[in-house]
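For reference, the structure I am asking about is given below.
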Amino acid sequence: MRSFSILRVVAKLLIPYILLFAFYVQFHGDFGPGGGFQAGVIFAAGIVLYGLIFGLRAAQKVISVTLLEVMIPTGVLIYGGTGVICLLAGGNFLDYRVLDHHWGHGLVPHGQHLGIFLVELGVGITVSGVMIAIFYLFAARRQTS
Amino acid sequence: MTESTQFIVIPLLGLLAATALTVARMRDLWAAVMLSGIYSFLGACWMMVLDAPDVAFTEAAVGAGISTVLMLATLSHTSRTAKSRPRISWPALIVVIVTGSVLAYGTLDMPHYGDPDAPIHRFPSPTYIEKTEHDVHDMPNVVTVVLASYRGYDTLGETTVIFTAAVAVTLLMRIRRPEVTAS
Amino acid sequence: MKHTISLAVALGAVWMLWSGHTEPFLLLLGVLSILAVVGICWRMQIIDGESAPIQLGIRPFVAYLPWLIKEIVVANLDVTRRVLAKEMPIAPTVIKIQTHQRTDLGRVIFANSITLTPGTVSVTMSGDEITVHALSPTEAEHDTECAADMNRRVVQLEGS
Amino acid sequence: MLYGLVLLGVVITMCLALYRASQGPTVFDRMLAANMFGTKTVLLICIVSFLIDRTDFLDLALLYSLMSFIGMVAVLRFSKYGTFADVDEAIDQSGPTGKSLRDVS
Amino acid sequence: MNWMLDAITWVLLLGGAFFSIVGGIGIVRLPDFFARLHGGGITDTLGAGLILLGLMFQAGWSLALVKLIMILAFLFVTSPTACHALAHAALSNGLQPQLVEPETQTCDEGQQP
């Protein structure tokens, strides 16, 4: 497909902005519509577009299957780990109020905000990994009939 | 949802129903994939008109980016037309009609659309909104707060569901290496 | 290298325009996001004169875009007239146009400009030949002139 | 009032496109209609976000305008090769820079 | 000044709605797939362009204006690309454009792939 120059050039032009939009949605879920799930799907769409144009093998060189296998559980672990940290800090599971701290004031959010940020990050990592993995799996199988 | 967008809800719902009927009628699966893309576009519009941008955003991200690609990828492993011709099965039709009419009867008892006295508007939404003001000072989007904080357990469960789905699809779809079977 | 830097600058500008927040935390996230995107694009090997076309400068906006918009409006009015006329005076034709651009980017701009003006759609592009489906012969005739003009302008756009 | 009229225009266009999608006759006509729905959705979201005066909803329209063509790329890939795996005609050794251009068409 | 902005918005938005409906009529009336592509083109260019331009006048100097400009720019890049991809897909699937004089308004059956 990379020999279709129109698609190739337009995809090269747009992929950086699709990926940036995914990050934007990930980090602005607190302010407008969006959040981890949507961001993960948009990120995956950018990679899928790359895979459609330049081939599955090229896409797997960028985001390898091994990396995906790390990403998918890591997201869930970040989510669960946030809850465990809350437990260790003396609160209930996923009770972010105990995440208050006083270092890096103004730069690093704290309390509820920090908890929500970490949790959304976990969701985003898992969802993007899962979506890319499903695309790889479906594409890698040759047509049977 | 405001008064000004009220008039557009019914036409959009009509279009959704028409699209769904067309998809059900379609025997060409490729065309059905394309029409389900249209359904997703309309769904996002409808959510938008109902003032639910977070849901619309999810619909948009999945519908515009991924679902057509995955559906076509699925289609590349099967045939492009549905094999069986539709037949009317009378018991099934009766069950569907009875269930549908019971559900429709149930809606008669529901509060009117946008009724401020409806249970959903009295509890628990206002408490969430008030508590968001108090608990989380700098997060204007209440939906994110509700999903990630007040209902953190739910969202953890959902993330685990997605994880499980990935594991299941991997187990089903991976390409098996030729194994040496124990004789 | 200059492409990487210009892509990063463009992404930074776009991030600020999307976000509009100037809290330090979000600015930090923005910088990290841009680094991540540039890193991924670098791994994808897509950073070059096609994804960050700085060699075109501002010529697309000052010289080409106004003319293209004028052509789009003219072509739109013509197709509208044809579609709304009772007997629909259309006679589809297929023409082939030789391109004179030196780069793929120029050819892509040319082909997409042809598609953007209603009444003509570039169907395939192979080598330096574009197959165009036109709605009517006069349209095609007008379009061959117009396309020659467009061709010349896109060549100018590429610069030296 | 004005926004309502324009919304109505967009919905009428959607109805016309849906007619084409349901009538066909070829599968590509349905795709053309689906493609048109993408643009219509962008317009509808923009108008609604101005109507209810929440312009941060424009992110949605931005998302659609960036991504709705991915579906059409998938359609081209599917109709040309019938599979999403790497096939011999689909890959060549040129790399994403497109230095050695070989055209399939 | 305000009424002038409003008047411009009225004209642009109604013009955009008109052209988008014309595109819809084109997609219904035109005889074969390749001709219908042009109908879709009207909606994508002038219809979308005028409506977004009209909204820009209402946005004023804000981030909404920038987002509208970006939406328009992305649409003008992606919609011809999608159109081209669709035409190419149809052609490579054996759908031939109907090139005769369409004196008779019969609907082209085309080829079901």
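In this document, chain identifiers A, B, C, D and E correspond to the written order of the chains, with residue numbering beginning at 1 in each.
Definition applied: a residue touches a chain if its C-beta (ideal position, glycine included) is under 8 Å from a C-beta of that chain, and two chains touch if they have at least 3 such contacts.
This one's a predicted model, so the numbers in the text were calculated from it and none came from an experiment.
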Check: What is the graph distance from chain A to chain B, where chains are linked when they touch?
Finding: 1
Item checked: Reference chain D; chain at largest CA-centroid distance -> A
Next item on the list: When you average C-alpha coordinates per chain, which one falls nearest the overall C-alpha average? Tell me, please.
Entry: D
Notebook entry, point to check: Among the chains, which one keeps its Cα centre farthest from the Cα centre of chain B?
Noted result: C
Item checked: Centroid spacing, where centroids are CA-atom means, of chain A and chain E in whole angstrom -> 33
Margin query: Report the inter-centroid distance (CA atoms only) between chain D and chain E in whole Å.
Written below: 11
Check: Approximately how many whole Å separate the CA-defined centres of chain B and chain C?
Finding: 35
Margin query: Among all residues of chain D, which ones touch two or more of the remaining chains?
Written below: 3, 8, 14-15, 17, 27, 31, 33, 38, 40, 57, 59-60, 62-63, 66-70, 73-78, 80, 82-84, 96, 98, 101, 103, 105
Note to self: If I count partner chains per residue in chain C, which residues reach a count of at least 2?
What the structure shows: 14, 18, 44, 46, 48, 50, 104, 111-112, 122, 124-125
Next item on the list: Could you list the positions in chain B whose residues touch two or more of the other chains?
Entry: 28, 30, 53, 56-57, 61, 64-65, 69, 73, 76
Next item on the list: State the interface residues of chain A toward chain B in the complex, per the touch definition above.
Entry: 25, 29-35, 37-38, 41-42, 44-45, 48, 52, 72-73, 75-76, 79-80, 83, 93-94, 96-97, 111-113, 115-116, 119-120, 122-123, 126-127, 129-131, 133-135, 137-141, 143-145
Note to self: Please output the residues of chain D touching chain E within their complex, sorted ascending.
What the structure shows: 2-3, 5-6, 8-10, 12-17, 19-20, 25-29, 31-33, 35-36, 38-40, 42-43, 46-47, 50, 55, 58-59, 61-62, 65-66, 68-69, 72-73, 75-76, 78-80, 105
Item checked: Residues of chain D that touch chain A when the two form their complex -> 56-57, 59-60, 62-63, 66-67, 69-70, 73-74, 76-77, 80, 82-86, 90-92, 94, 96, 98, 101-105
Notebook entry, point to check: Can you name the residues of chain B that touch chain D in the complex?
Noted result: 2, 4-5, 7-8, 11-12, 15, 18-19, 22, 28, 30-31, 34-35, 37-38, 41-42, 44-45, 48-49, 51, 53, 56-57, 60-61, 64-65, 68-69, 72-73, 75-76
Check: If you look only at chain E, which of its residues touch chain D in the complex?
Finding: 9-10, 13-14, 16-18, 20-21, 23-25, 27-28, 33, 36-37, 40, 43-44, 47-48, 51-52, 55, 58-59, 62-64, 67-68, 70-71, 74-75, 78-79, 81-83, 85-86, 88-90, 92-93, 95, 107-113
